[in-house]
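Working notes, beginning with the structure itself.
Going by the order they are written in, the chains are A, B and C; count residues from 1 in each one.
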Amino acid sequence: MSLLQAKSVTHYFGGLCAVSEFNLDLAPHELVGIIGPNGAGKTTIFNLITGVYNATHGNIVFNSPKVAGDTELVGKTPSAITALGIARTFQNIRLFKDLSVLDNVRIAHYAQVGYSPIEALLQIGRYHAEEERIARNSMDLLAVFKLEDYAEEFSKNLPYGLQRRLEIARALATKPKLLLLDEPAAGMNPNEIMQLMDFIQWIRKEFDLTIILIEHQMRLVMGICERLKVLDFGATIAEGLPKDIQKNPRVLEAYLGEEAVG
Amino acid sequence: MARRWVLPVLLAVGFLLSFAIPQFGLLDLYVQLIIMYVGINIILTTSLNLVNGYMGEFSLGHAGFMAVGAYIASVLTVRVFPASMAVWLFPVAILAGGAAAALVGLVVAIPSFKTRGDYLAIVTLAFLMIVKSVIENIDALGGPRGFLGMDKLTTLPWVFIWTVLSVWVIRNLVYSNFGRGVLSIREDEIASDLMSVNTQQVKLIAFVTSSFFAGVAGGLFAHVLQFINPRVFDIIKTTDILIMVYLGGIGSIAGSILGGTIYTVLLEVLRPLGVWRMVLMPLVLVLLMIYRPRGIMGMREFRWFVPVRDLIASKLWRQAKQKEVGDVPSAS
Amino acid sequence: MTYFLQQALNALQLGSIYALIALGYTMVYGILTMINFAHGDLFMVGAFLCFIAATFLKLPFVPTLLFSMAGVAILGVVIERLAYKPLRQAPRVSAIITALGVGIFLENFTLALNPYPQHIPTLITNTTYTLGGLSISSLQVIIVVLSIVLLILLDLTVRRTMVGMAMRAISWDKTVVPLMGVPMNLVISMTFAIGTGLGGAAGVMYGLAYPVIDPYMGILIGWKAFIAAVVGGIGNIRGAMIGGFILGAVEIMVAAFFPSTYRDFVAFTLLLVLLIFRPYGILGKPRPQKV
C-alpha cells in the first residue's frame, strides 16, 4: 500500500520545463533521497507535492490517515495538504522570525484547534481548554527537541543549528505522516552531519514518519537513505540503491561533467 | 497574579465615572466631547491595527466601513425605529451598523486572498471611493448633501462600553489561534499556509472583525456629530486613522489606545495654532517615523493586556511537569 | 460621433496629465519599492510655482514651465534626502506613512501661506481650431504634445542611458548595485528629481487647462494617478503611461455618458474590474517568490 504515488508529474514555468515525468512510489516508513545538481528541480518537486505549485501535468496521490482511500493532491491548497499529513522544511529557513519559538510551534497546530472564531472572540466554550492543550503540546514537543529553554525567545535570535531544529519541530507539530526535508544539512560541519543522521533516524522511529530528503551532502545521503532518485534538468536520470548510484556513470557525469568521467 | 485585579477595578471605576461625569457635570461639555471622540478613535485605530498592523496588510478602506456603519445606524434611529424607542434601541442600531460593515468587509476580504501589498491598497481604496459614490447617488440617504436628524444618542457611558468591548474582543482574537494565524501571515504567508494555517479563513476573520468595529465606531460617530455626509468618510479620514495606527504602534493594543488618544487630544490642544496645527502635526509624525518606524509601541504590548498563559508559558509548563514527576527536579 | 471624438480629445488631455503624474509614482516605486504619497501634493506645488512665476515674475510660458519643473524637482530631492532616505531599511509601510505626512505638510504649509484659491494668468493664447466639426484648442494640443515629448524623453533615458540602466538595476537588487561601483544615492536622487519634475510639469499643464488652483487640489488627483500607475503595472514606466491615458479616458467617457455624480463610481468600478482580471496591472509582472 503506497503512501504517496507521483505519476508522470511534469511542471512548466512559462516555457521552461522544470520537472519532467517524475514518478515515485513511496511505501510507508521509507527514507528516500532526491539528489542532483543545483537547479535540477528537486525543491520544485517538494513545492508540487505540498501544493505551492499546481503540477502542469500528472497526478500526485496521497494515502492520508485522515481520509479514507487515496487523495489527489494536485489542485489542493497548501494548508489542505498539510492538514492531510504532509509537512516540510525549507532550503532557506522560513521560520516566523519576529515570533517566539513557542509561537512558531503553536501556529503549526492551527488545523488541530477545536474552537470556533466566536469562542475565541469571547473567550468562552472550548477556548481555554484548547489553548491549555496546545501550549502543553507545543512545550512537550520543544522539550523533545531540547528547545524548551528558548520558548520565549524570538526565533530569529536562535543560533543557526537550533533554528534548523526548530523548523523540524514546527513541521512535526502538524502531525504529519510524510516529512519532506529540504537540505537539512546545509551549513553543517561533518560532526554535526553525523548527529543529524542519527537525529533523522530517531525522529523517523519516534514519530512514525516516512521521509523524503533533498540533500547535497553525500555523507548524509549515502549514510541514511534507503534508495535514491537522481535528477538533472528536471528529468530523473537514475534511481536505485545508494551504492549503485555512486557508481552510475550518468550520475557522475551530471555532477562532475563529461570530461571528468570520460 | 496579584496585579491581575487592577485592570478590572480600573474598568469598573471608569464605567462609574462615565456615568458620573455627565450626570454631575464634573467636566466641561467640551472635554466630554473630546473624550467621546477619543473613544471612537480608539475603536477605529484598534480595528485597523488588526488588518494593517498585526496582519501586515495595507488596507485603505477603513473610512468606508465606518461610513456603512454610520449610515445604517442613522437610518435605523431616524427613519425606522419609533422615536420613543430610539434611546433603548440605540445599541441595536450600533450592532446593525457594525453587522452591515462586517458584511461589506467580507466582500473586501476576497480580493485579499490573491493580492497583497500595493495591489490590495488599490482595491481597498477603490472600494472606499465606490462606497462614497454610492452614498452620494442615493437620494434617500441625502446624497452629497448629507443625512441628519440623529439624536445625540452617543453618551459617555456608551462610548466607554463600546470602546472597552472593542478593545477586549480584538485583544482576545489576537491571542487566540486565529490571532496567531494573523501574525504568521504577516511573517511569511507561504510558510504559514504550509504549516496548516488556513490563510483564507484567517483573512476573512480579520477583515470581518476589523470592519465590524469600524462600523460600530461609525454609528457612534454619527450620533455624536448628529450630521454625516459622504465627504466625511473619504481618504483623508482613512489617512487620519492610518496615522493613529502608526503613531501608537503597529501590532499593539496598547499602541492603538495610545495612538488614538494622543492624536485626538493633540489635535485639540493645538487648535489655537489654526492651520499651522496641520503643518506641525505631520512634521512630528515624520520625525517619529524616522526614529521609531514602527510607532511608539510598535509590536510591543502592555503586560496587562497579554494573557497570563502567554506571558509565562514555559514556567507554567515546568510547574505542571514537576507536579507530574512528583517534585523531582527536571533533568534539563 | 463628433461628440465622441470631442470627448476623446478631452480624454487625451486629461490622460496626458494623469500619465505624467503616474510616471512620478512609478519611477519612485520602481527604484525604492515605495509609494510616494506626497507626489500628488508635489504636483500641486508645481501648479503654485507656475502661479508665482507667471504672476510675480511675469515669466512667459517656457521659462515658467522650466522654473516649476526645476522647483519641484529640487523639492523632491530635498524631501527624499531628509525624510525618505533614513527609512530605506524600515518597514515599507512606515515609509508610506512618512510620505503621507510629507503630503499633509505640503498641503497645509501652502494653505497657511496662501489661504485663498488662486488664478493662473493665461500664458498661452488659446486659439480654437475647427477640424471637421471638432474644436481643438491650441492649449490641448500643447498639453498633449508636450506630454508625449516628455514621455518619449523619459523612455529613452531609462532604456538607452547609463543612468537609466542604473535605475533599472537598483529596482532589482539594492544590495549588490553599490558594490558594482554605481553611486546609488546619486541615481536615486536623480530618479526623484525626474519623477517629481514630471509631476511639476503636470501641475503647470493642469493649471493652464483649469486655471483655478488651491492647496488641496493634489489630493484626489494624486490618489487617482496612483491608481492609474497600479492599473498600468506599478514600477513599469510604459504601464504608467498607459494607465494614465486609460484613467483619463474612463473618466471623460463616463462623465460624457453618465450623470456627473456617477463618474467616480463607474470609473473606480471599472478599474477594480480591470484589476480583478489583471491583478498585477496591465503591464505588470508578479515578482516570483522563490520558495
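Definition applied: a contact is a pair of C-beta atoms (placed from the backbone, for glycine too) under 8 Å apart; a residue touches a chain by one contact, two chains touch by 3 or more.
Predicted model only: the values in this text are computed from it and were never measured.
With respect to subunit C, maximal separation of chain centres occurs for A (centres as means of Cα atoms). When every chain is represented by the mean of its C-alpha atoms, the one lying closest to the mean of all protein C-alpha atoms is B. Taking each chain's centre as the average of its CA atoms, subunit B and subunit C sit 33 Å apart. Measuring from the averaged C-alpha position of subunit A to that of subunit B gives a distance of 39 Å. Subunit A and subunit C have Cα centroids lying 48 Å from one another.
Residues of subunit C in contact with at least two other chains: 291.
Across the assembly, subunit A contributes residues 52, 90 that each touch 2 or more other chains. Looking at subunit B, one finds that residues 190 touch two or more other chains.
Of all residues in subunit B, those touching subunit C in their complex are 52, 58, 111, 114-115, 118-119, 121-123, 125-127, 129-130, 132-134, 136-137, 143-144, 190, 235-236, 239, 242-243, 246, 250, 274-276, 278-279, 281-283, 285-286, 289-290, 293-294.
The touching residues of subunit A, when paired with subunit B in their complex, are 50, 52, 77-79, 82-83, 87-88, 90, 94-99, 102-103, 106-113, 115, 117, 120-123, 127, 130-132, 134-136, 139, 143, 146, 148-149, 151-152, 170-171, 173-174. Listed in rising order, the residues of subunit B touching subunit A in the complex are 169, 172-173, 176-181, 183-184, 187-188, 190-200, 205, 209, 299, 309, 313-314, 316-317, 320, 332.
Across the complex, subunit B is touched by residues 29, 35, 83, 86-87, 90-91, 93-98, 100-105, 107-109, 111-112, 115, 219-220, 223, 226-227, 230-231, 234, 261-262, 264-265, 268-269, 271-272, 275-276, 279-281, 289, 291 of subunit C.
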